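Shared between the two complexes below is subunit A, which pairs with subunit B and subunit C, respectively.
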Partner chain A sequence: MKQISGLIPTYSSDEFGVCSALYELGGLVVMHDASGCNSTYTTHDEPRWYDMDSQIYVSAVSEMEAIMGDDQKLMDDITEVAEETHPAFIAVIGAPIPYMTGIDFEAIARLLEERNGVPCFGFSVNGMQPYTLGVSMALRAVVDRFSARTETALSPGNGRSRSGARVNLVGATPLDFAVNGSIQSMREWLTEHGFVPAASISLECSLEDIVSAGEADVSLVLSYGGLAAARRLEEKFGIPYIVGVPIGKAFSELLADQLGTCVETAKSPEKASYADIHGTGPVVAAIGESVFQASLAAAAALEQNADLRVLCPVDTEEFLLRDGDDRTPEEDDILRELQDYEAVVADPMYRVAAPEQAVFYELPHEAFSGRIYDDVNPNLINRTLQSAGFDFSGRTGRRS
Partner chain B sequence: MLRKLSHRRGAGEEKNCAAGSCAVSGSLAGLADPYQIIPEKVEVPMGEARFPAPFEDGLEYSAPARGTWNILHTGMMIPESHHIFVCAKGCLRGVVLTAAEMGAMDRYSAIELREENVLNGDIEELMMEGVRDVLQKLPYRPRAILLYISCQHFFLAYDQDYVYDSLRKMIPDIDFIDCYMIPTLRKSGITPDEKMRMQLYEALRPQEKHERQINIIGSNLRIDEHSEIYELIRQGGCRLTQIQDCQNYDEYLAMSAAALNLYTEPTARRAADRLEKRLGQKSMYFPYTFDFDEIDRNYAKLAEYMGIPAPDFSEKRMAAEDALRETAELIGETPVAVDFTFTFQILGFTRLLLEHGFHVKEVYVDQFAPEEKEDFLWLREHAPDLIVASCKRPERRVLSREREEKYLAIGQKAAYFTGTDYFVNVVEGGGFMGYGGILEIARLMREAYLEKKDRKVLIQRKGYGCLSLI
Partner chain C sequence: MIKAAIYGKGGIGKSTTVSNISAALADRGLRVMQIGCDPKADSTTLLRHGEKLPTVLDTVNQKKDQFELSEVCREGYGGVICVEAGGPVPGFGCAGRGIVTALEKLERKHAYEIYRPDIIFYDVLGDVVCGGFSMPIRKGYAQKVFILTSGENMSIYAASNIAMAVENFRGRGYASLGGLILNRRGVEQEREKVEILAGDFHTSITGELPYSETVQKAEPLKKTVIEAFPDSEMARAYRELADHLFRICQEETGAQNNA
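So, the complex of A and B:
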C-alpha cells in the first residue's frame, strides 16, 4: 500500500533539506513549526550541530497563533534575533502546520527584508516532501541571489582549457555525503587532474564561496539537489554543468575527462556522465539518491563489471537515471523490486526489506538512517571500490 | 572534513563562523560587534527573576543534549505493543529514528500523510487501511497498537471516533490506544507529555482491586533500588508495581488491580486523575522532593494509607546529610551548574545544594514549575546572585559554552552550556527518590567531580536509560 512504512525508516524531509543546504552560510534560519522539527533535524539529520555553530531555530508556534494566523509575532521574533546577531540573510521555512493554515512565506520574506535590510528567503515547503526538494530549492535560491561574476572574468569556453579550470561542486550536503571527508577528497581529485576547486555548494562552504561560484568555469552536479542550482548558474553566467560523483578510480578518471571536455566546449552534455555505463556481470540493486547511486553503479561497472540497477526512492529526473534504473517511492515498490535481486547495496536499514538470502552491502545514507552509522560511513571518492570494501564480483545474476 | 569551530568566547575573543560573516564575541560581559546580545534576555540573577516565566517567548534553540524521553520512548514501555505514527514525513523522521536508535524498529511503523490526503480529506480511510497493511507485514501479532495522530489532524475535519471505533471492531484481538504527537499544544491545555502519560495506561481495564497492590505511575524511569520506598511498602505488606517491571502485556494489564496509584511527577497528575475516575484507583502525589521534611511527610502519608505507623528513616536522613556534607567538602568552591532536565524540582534541588554548602552558580531553566514557588522565593531571598539561564532562547546558541575554571555540572544541558566534562549524566530525576536517592545523587556528584566523561557522546544519546545504538 502507498504511504506505509511498515518496516523501514522515512527519508528526511524538505524542511530539513533546506536547513542542511543553508547551514554553513551565516544566515538566520527559522522553521515555522511548533517544536519537534528543530530537535529532529539537529539530532538526526545535522551532524554539524554539535561542533559547528549555525543559527537554526524553530518559531515555536502555538495552536492559537497558528489558528489566528499571527504572522506578526513570527516576524517580530525573527527581527528581534536579527537585530542582535546581524545574519547574512534570513530564511523562513514552512512545515506541516503553516501548510494547513496557508501561510505565504514569500510575502513574509519580502516584509522581513524591507524591515531588516538583509536578504530574506521564504521557502514554502511543508514537511511532506523528501529532503531532495528542500536542498534543491535552497541551493537554487542562494546561487540565484548571491552568485556573481566580475566583468574581468572569462566567459566559459572563451579560451579556457581544462587545466586551471575552476570547478563548482554543486549539491553537497551531509544528507547525501555524510561528514566523512568526501568533499576534501573531491577537491584533491580535482587538483590531481589540473582543475581548481571552486565552491562546494554547500558543504564546507561559505557565503563568499557562493558569491564566487559565478566565477567558475564548470559545475559538477553531485545530487538531484544540486541540479537546479547548476542550471541557474548556467542561465545566469553560462557556466556549463555535468552530472556525476567521482566514485571509484576508473569512473573518477572518466568523469574528470568529461569535465574537461565540458570546460572546453562550454556546453552541458545532454546526458549524465554515467548514462551509458553498464556492467554485464553480477546484478545488484543499488538503493538511494539517484546521482550518487548511478555514479556508484558506473564505478562498479568499470572496475568489477558489476551491473548495479538504481532504485531511487526520492526526487529525481529521468535525466539523472540510466536505462534500467527505476523510481521506487513507496516501501512496497522496494519490497516488490528486491524480490528479484540476490544482492543489494543500500543503507543498512534496508536489510529488513531485502530477501533473506540476498547478499547485502552496507552503504549508510544520512538522509535515511540519520546519524546511526556516521562512524562507519565510507568515503568512496576517487578510490577503488575494492579498497573501500565493496566487491560486487562473483555474485549470481538477477533472478527472473 | 568539517572545520570545527573552537567556539568561543572568552571575553573579547572573536572567531569567524563558517560563513565568515558572523564573527562572534565573548561571554555576556565581553560582547562586541557584530553580535549585540542583550544579556537579560537570556540570563537573569535569581533576585530579579520573574515567576513562573523568567524569559520572554520567541524563537527557540535546541541544544544537542538529548537524554530526555519523547513520547515514543514512553509508549514503548508497554510490553508487546506496536507503534504506528500517522504524520507528515518531517514529523515521522524524529520518531522513526528514535525507534531505530533504541533498536526497536520492529515495533514501529508509519503511515505518511501527504498533500493529497489533506486535499482529499481521506485520512480516515488511509489510517484504517494503513493499520491493516502494517499488521499484514508484521511477523508477529502485537497485543496493543498505539496509534499516534499529529497536529495536522486537528486542523482537518477528521473523525477520530470513527477511526478508532472501526479499528476496534475490525480487529478485536488488539487493543488500540489513541496517542498524540501534538506539539502545537505545548503551551496550552493538556501538554503532549501529560497526554502521553494519560494514554500510557489507557488500556488498563476495570477489575477487582487488590488492596495491597500499589502502582507507581507516570515516571519514565524506574524508582532506583536504593530508595527506602521499597522497604516501606514491604513493611506495609503491599506489592509495588511499575510499568518498567512488566515483562509482558498481561503483567501490564494487571496494574489495573492496584488500589492506589502513586504519581511522582506533576505531568502525571492528569493520568492519575483519569485512572481514579475510570478504574476507581485512588491517587497520591509522591514527588521527587529534596525537602527532607516533605520526604518524611510523604512516607508518613503512605504509611497511613497502608495502615502502619510512620516509618523512622532518621538514620537514612542523617546518612543523606552526611553524604551531602562529605560531597560538598570534596567539591569545595568549584562552581556548580544545574539544569531542569536533571529533575522535576530543579529549584528544590538547587536549594538543597546551597543549604549544604555547594557553590551553585548557574541554573538552566526556562520555566519554573508552579509547585516550586516556595523554593523560588527562598532562592530569591538567599541566593539573589544565582544566575538563572535560559536553555532555549536563541541567544544561547551564540553565547559562551566555555568556562575558565572547572565546573561541575548536574544534568546534560548544564554540562553542554558550561563546556565541562565533569558532569552527572542523569535526566528526569533518574528514579532517585527519597534519602536513598539523595545518597545516590551525592555519590554520582563525587564521581563526576573526580572523573571526566565523554560529554559529546553521552549527552547526544536519546532517551537516557534506553538502549542506544549511538
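So, the complex of A and C:
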C-alpha cells in the first residue's frame, strides 16, 4: 500500500470524473479548489474544451477562506454566477483543500438549492481517487434527480420485443471513450440490430436525454462509471441492464443478442455479457477500465482466440471482471503482474512498466494519458480488431 | 436506529455522563454504541474498566483499510460497543479532519449495519471548534444534539457557542438541538442561569444531574456509577436521564420516519 506512482502517471481524478460526466448537460460545475486547478482538467483531460461550451467554474479558494471555513463566500459567488448564466443545475464538487477542512458539500448544495431554486448537487470527491468514482457518483445523481417516465410509457418487458426497443448507453465519457466516433458507432450498431438508441449518458448527451432515459427499455452499461446509474434506472423504472461494450465484430453480435434477451425477459442478467468468454491462445495483459478491457478481451477471444487478462487499476466490482482478471490498484501491483506477460495491450504510457521483451499493443486511454494520443485513439466499436490494427497473435505486435 | 451527539465544555463530565447513560440503557436491554470523538480517546474508559482501546485513526494509520471492525469496536459493560475515533497528539496534525476520517471509515466498514445498535452516542470534544467537529451532527449522523452544562459561566459560554453552531447549521439538514443537560456543580441560582440559556435558544433543560460524590467514588474503581453503585441516588438520576433522552430521540426518529 505505498500509494506511489514512480514510473507511470496517475489516472484522472474523481474530481475530473464528475466534471467529465456533467460536461454536456448545461449545468454550472463548481470545482471548490485553488485557482489554476481547473486548467489541469480542461487542458489535459477534457477533449471537448475547445469545441464545446460548458460552465466549468473554479472557486479559487484562498488560504484564508480555507482556514476560516468561509462557505458563505462560496455560496454567494456561486449564486452570483448562477444569476448571470441561468444553469439547468449546479454541482459543487470537492478537491484536496476542502477535503482536508471537511467541507460538507451535500449541505452546501441543499442551502444553494433553497436559495436559488435551481437543482443542486454536492459531490464529496477529493481529487485523490480515480475518475471512475466521480463518474459513477455524478451519473447516478443526475439520473436519480432528472430521469422520468410518463405514465403512458410501457413498462419494461410489458409486451416489448427486441425490435424497436429503446437502449440507453450508460457510462460514456471521453475519459474512457475519447471523442473518436465510438458513441456514434454504438448508435449505428444498435440501429443495425433493430434497436432504437436512447440516451448516451453522458457523451453526445443533453439534459433532455437524461430526462427521457427513464423511457428506455434497457440500459447497456459501458463502464464502471455507468453501473450505479443503470442500477438506479432499474430501481426507479424497472429498466434492466446488461454490461458490455460492442467491441469487435463477433462480440458485438453476441452482445446485441444478449441485449435483445434482456429486453424480452425484462431482467438484468446475473453476469456481465463477457463473463464466460475466454480465449486459449496467446496470453496478453489488458490494462485499464474493467468493462472496456473485458469487452476487448471477449472480442479478442472470439476473433483471434487470444487470452486477454484484464488488470484493472481503477474502481470496479467482481461482477465486472471475469475469472482470471485482476485488480491492480497500485503501480507495484502492475509491475509485479506484468512480469508474467509476454504481451501487453494498454495506454502507451504503460510501456515503461512492461517487460522489455514484451510485445506492446498501444491503446490510448484518455483518463490515463490525457489528450496526447487523441489523434491515434482508435474506434473499436463493431469492427474487427484486425481492421483496427490489433492482431494479438503477436505477429504484428510492435516490440518495445 | 437512534443517533445522538453530546457536546459540552471540556471537563464538564461528558464522558462520565455518556458512559453512565450508555450503561443504564444497556441494563434496559438496549444495544448501545458509544463513539468517543476526541483525540484523547478516553470516552469509553469507564465502560471498559480503564482498559485502553485501539483508536480508529491509529489503526487506519498503521493498517490503511486492512483491518477488521472488531479491532476498533470492543464490548464494554453491558455489551456497550465502545469505539474511540482518536486523533493526533496535542500540537500536531488536524484533530477535526481526524473525526471526519474516523466516522467515514466506520461508515465504509458498515459498522452500523453490522453491529445494529438501537442507539448510538457520539461523545464529542468540548466545542465545535472547526468543521470536523460538526461531523457527528451532519445529515446521516446524529438526529439530536444534547449539550451538557453546569451553571458556571465558562460552561454556559461554551454551551451557548455550541447551541449557536447548531442553529447556524439549520437549513443544512443537520441534527437539531434536543436540549440542555444540567450537570450541577453547586453554583448559586444554577438552574435559573441555565434556564435563561435554554430560553435564548428556544430549548429546555431536558435532564438534570445532582452534584454527587458517588461519581468521584466510582472513578478510581474505573467503573460507571451504574455498575459500581447501582442502588445509589446518582445511579437513579442517570437512569432517569437515560430514559428521558431515549424517549426524546425515539420521538424524533419516529417523526422523521413518518415525514
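Quick note on the criterion: the second predicted complex is superposed on the first by the 391 of 400 C-alpha atoms of A that agree within 3 Å, B and C clash if a C-alpha of one lies under 4 Å from a C-alpha of the other, contacts with A are read in each partner's own complex, and residues count from 1 in each chain.
By definition in this document, a residue touches a chain if its C-beta (ideal position, glycine included) is under 8 Å from a C-beta of that chain, and two chains touch if they have at least 3 such contacts.
Fair warning: this is a prediction, and the values are worked out from it, not measured in the lab.
In the superposed model, A:R110 makes contact with subunit C only, not with subunit B. Judged by the touch definition given at the top, the superposed model places A:Q357 against neither subunit B nor subunit C. In the superposed model, A:S62 lies in contact with subunit B only, and not with subunit C.
More subunit A residues lie in contact with B than with the other chain of the pair subunit B and subunit C. Applying the stated contact rule after C-alpha superposition, one finds that A:T101 touches each of subunit B and subunit C. By the touch criterion defined above, A:T150 reaches neither subunit B nor subunit C. 1, 100-101 are the residues of subunit A that lie in the contact sets of both subunit B and subunit C, per the superposition on chain A.
On the side of subunit A, the complex with subunit C involves touching residues 1, 69, 100-104, 106-108, 110-111, 114. Residues 64, 66, 94, 96-97, 99-100, 130-132, 134-135, 138-139, 169, 171-174 of subunit C are the ones touching subunit A in the complex.
The touching residues of subunit B, counted against subunit A in their complex, run 1-5, 7, 17-22, 24, 33-38, 57-62, 64, 66, 87-94, 96-97, 100-101, 105, 109-115, 117-118, 126, 129-130, 133-134, 137-138, 150-152, 154-156, 181, 183-189, 394-395, 397-398, 456, 460, 462, 469-470.
Of all residues in subunit A, only 1, 3-7, 9-16, 23-27, 30, 33-45, 47-55, 57-64, 66, 77-78, 80-81, 83-88, 95-97, 99-101, 126-130, 179-181, 184, 204-208, 349, 352, 369-372 touch subunit B in the complex they form.
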